[in-house]
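Structures given as structure tokens follow.
You will see subunit A twice below: alongside subunit B first, and alongside subunit C after that.
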Partner chain A sequence: MSPRALLLFELDGRKMAARVEGIRRIAAGGGTDAPWTLQSPLGAPRSAAHGLVVETPGGEKVLGVDRVLGQRTITAAEVLPVPPIAAEVLGLKGLCGLVPLDGELTLLLDVSVLFSELETWAADRRLEGEA
Partner chain B sequence: MLPYWARMDDSTTAEDPWGILGQEEDGWFFCLRMLGERYAFEAALALEVIRLGPLTRLPAAPSFLPGVFHHRGEVLAALDLGQLIADHATSLAHGSRTVIVQTGAWKLALLAEGIEGLIRIPEESFEPPPSLGSPAAALLTRVGRDPKGHVSILDLERLIESARLRGVRA
Partner chain C sequence: MKKTRQRTAEAPAKPASVKKVAKAAARSPATPAKKTAPGGAAAKTAKAKSGGAATRARSGTSTVRPPAPAPGSESRAQQVDAIFRIGSLLEALSVGNYSERIDIDSFDSAEHRHLAMLANRVADRATEELNIARDRNRSLHEGVNEAVAAIERVLEGGEITPTTGIDEPQPALAPLVSGLDQFFAMLRSAAFELRNVMRQVSVSSSEVLAAATQQESSMSEHASAVHETTATMAELHGAARQIADNAGTVAAAAEQTLESARSGETSIVDVLASLSAMNENAREIHEAMVRLARRVERIGSVVEVIDEIADRSDLLALNAALEGAKAGEAGKGFSIVAVEMRRLAENVFASTKEIKGLIGEVQEAADAASQATNRNRHSAEEVEKQGQAAMGSVQKILAAGQETHDASRVIHLATQQQRTATEQVVTSMKEVETATRQATDGARQSAAAAAELAQLADRLSTLIKQFNVEG
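For the complex of A and B:
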């Protein structure tokens, strides 16, 4: 099985992971001109001390996170699929699996895909607010 | 004959914990307790009873999907029966028992306040479900009675479909 490098980070008090190859660089708080996203289905960072910079069709975007925890290498077989019922209920394609790390399941995210879903998610939230 | 699926937890070695092997399959249900009521579903849909470990919350998940957990190499979703039936969160302690079910392609764990286990309901005791009016009524196929009292029979497929629809709307 080919190894996969994961970037571990904390957002809204929770440990999450993203594939390193999907992250262009890590920005310090406010240290980039690209727009920062501080509200997403993942929650909101408490400090946004770091940002994960990714390339999207609309240019670079930054997901604010509380802190970057480091890197971890796993095998592809260690990535477990999101249960079908959960995938369907959430409809969140940016959540691409779960990885057992240090005795707990860690969310594995595709941050670029997550950005593609943000507009719809924000619109849904606005509708909920109006309802 | 009923299949061997009724393990109480990972460490159970008894081959027939409920004493049902060798008995007729008809009339057996798996019973859960929720909000002071008894709910059951076809026994053949229950795969395993386990003690629930920590749940991992999923982002933007609706209240009836409190999380997922790792079990025997796969990740399973836990659905809160109380939320689905009555918009009432099930209070769970670490180590509470939960039942893993499979219906069609859906394999998941159902969270309830208590697990009674297997029960047998005489065919003649069944009646139609109460008329529609409560959210739970739409998820029932019929109601029956055993020596412990009334039991509402859940249509698990309809329950999961209801969860899917609620998730899409959320």
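For the complex of A and C:
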């Protein structure tokens, strides 16, 4: 089992983890020209001190988070699959598993996948708002 | 009655017995003829024998009749007897026996008869003169009795008639009666005058008594008033002494107050100077606190820069660690360095956070100190203003204290003079009281004397009323 490096960050008061391979760099709040996304199915950042920069087909995009907490290396066996009911409720393709960190289960995300479904999610939010 | 009694008393003596005279003549020797001198033996013999003749003369008028002589002759013895008989008659007359007479016819000799007749005439004349004298004497006696009775009426009954009431006094008593009339008139006039005077004296003595009594009462009241005044003045003297002592105490207190006010003025000046220095210090502290706040702000800015650097370092460390993780085993060392850098950045964050906290605390303390300094400065200014006001008040108090001090000294002097004056007044009042007591005693004595005078006037008036001058 090869170890996997995770980037831990905090978003909307919750600790989350992301695979470092999908993140190009970490940006300071307001420190890049790439568009920032502050609304997502994961919530909205409270301070947006850091941003996770990812490469998408439309260019670099930044997911605003409260702050990056650090890195953690885990084994592949430590990644737990998302329960079907949870995957049904959340409805996120970017959610690729659960990782037990410090005694609690932490969402493991694929930020690049998450960005691919943000436009659909935003359209659904607009439709819900209009409804 | 008196006249009858006088007449009875003055009745002539019974004539002496002629026989007794003759017997005495018979016992007498003839020797008396030898005596010629009036004071000789014959005279003495005649005088010795005259006692019996006088005794006889007092028994009444009688006629001396000698023994019958021998007829036709007159002997020598007969002659001596005749002379003796005539001499006896004269002797009886000489002793006041006017009742004896000589029987003229018993003498033989014409000369003897003539002598006997002359002797009888002398006896008759003497008897007549005696009767006249007795009448005159009786009249005089009666006049004197009337005068004495008039005087007795005055003395016993008090009736003073204008005259004695003797209308036709004997010529011999006329001067006496006239004098008594004048005396009565004068006495009556004097009694009138004395009565009037006594009335006036009585009235005056009553007035004097009333005045003396009034004076005594007034003097008593005056003495009482003087005594009360003396007591009051003594109390006033005590009060004046107390006031003088109090005034002295007040003067001393005023002087002490003045000194205290001056000391207070000096203290306030010192306080104002201290306040001014304090205010200056507060201002300097405020400026220092402002400078400190600026420096702290500057430190905050530096800390912000440091924090920014640390943030960037942390971000670089994160990206370095991210790249290290992407590199796998090859980037492991790089990841370790990135982790250390992050740790340093986090330490810087912690330090800057602590510094920010300290800066915040310093700023808060500086703000509090600045505000306190401002408040102190404002308070110092207010206190300085109040001190200035207090200074003005103290200066007013000082001026008032000076006036009070001057006034208290004047009052002290005045009260000293008042104490001396009241002491002199008390002394004078004691002298006045003594004089008043003496005057009161004098007034009492005057009243007693006036009362005695009034009693004497009443008694004298009563006595004078006994003299009736109304008739």
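Please note the rule applied: the second predicted complex is superposed on the first by the 130 of 131 C-alpha atoms of A that agree within 3 Å, B and C clash if a C-alpha of one lies under 4 Å from a C-alpha of the other, contacts with A are read in each partner's own complex, and residues count from 1 in each chain.
To be clear about the criterion, a contact is a pair of C-beta atoms (placed from the backbone, for glycine too) under 8 Å apart; a residue touches a chain by one contact, two chains touch by 3 or more.
Everything numeric in this text was worked out from a predicted model, so none of it was measured.
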Superposition on subunit A - do subunit B and subunit C clash or fit: fit
First (subunit B), second (subunit C), both or neither touched by A:V20: second
Touched partner set for A:Q71, first subunit B, second subunit C, both or neither: second
Which superposed partner A:P35 touches (first subunit B, second subunit C, both, neither): neither
If touched residues of subunit A are counted for subunit B and for subunit C, the larger one: B
Geometry of the superposed three-chain model: angle at subunit A (Cα centres of subunit B and subunit C, steps of 10 degrees): 90
First (subunit B), second (subunit C), both or neither touched by A:L7: second
Closest Cα approach, subunit C to subunit B, once both complexes are overlaid on chain A (Å): 25
Set intersection of subunit A contacts, subunit C complex versus subunit B complex: none
Subunit C contact footprint on subunit A (complex, rising order): 5, 7, 20-21, 23, 25-28, 49-50, 68, 70-71, 73
Residue ranges of subunit C in contact with subunit A within the complex: 311-312, 315, 318-319, 321-322, 325-326, 335, 339, 342
Residues of subunit B touching subunit A in the complex: 54, 56-62, 65, 68-70, 73-77, 79, 105-108, 160, 163-164, 166-168, 170
Subunit A to subunit B touching residues, read off their complex: 14, 40-43, 80-86, 88-92, 95, 98, 100, 104-107, 121
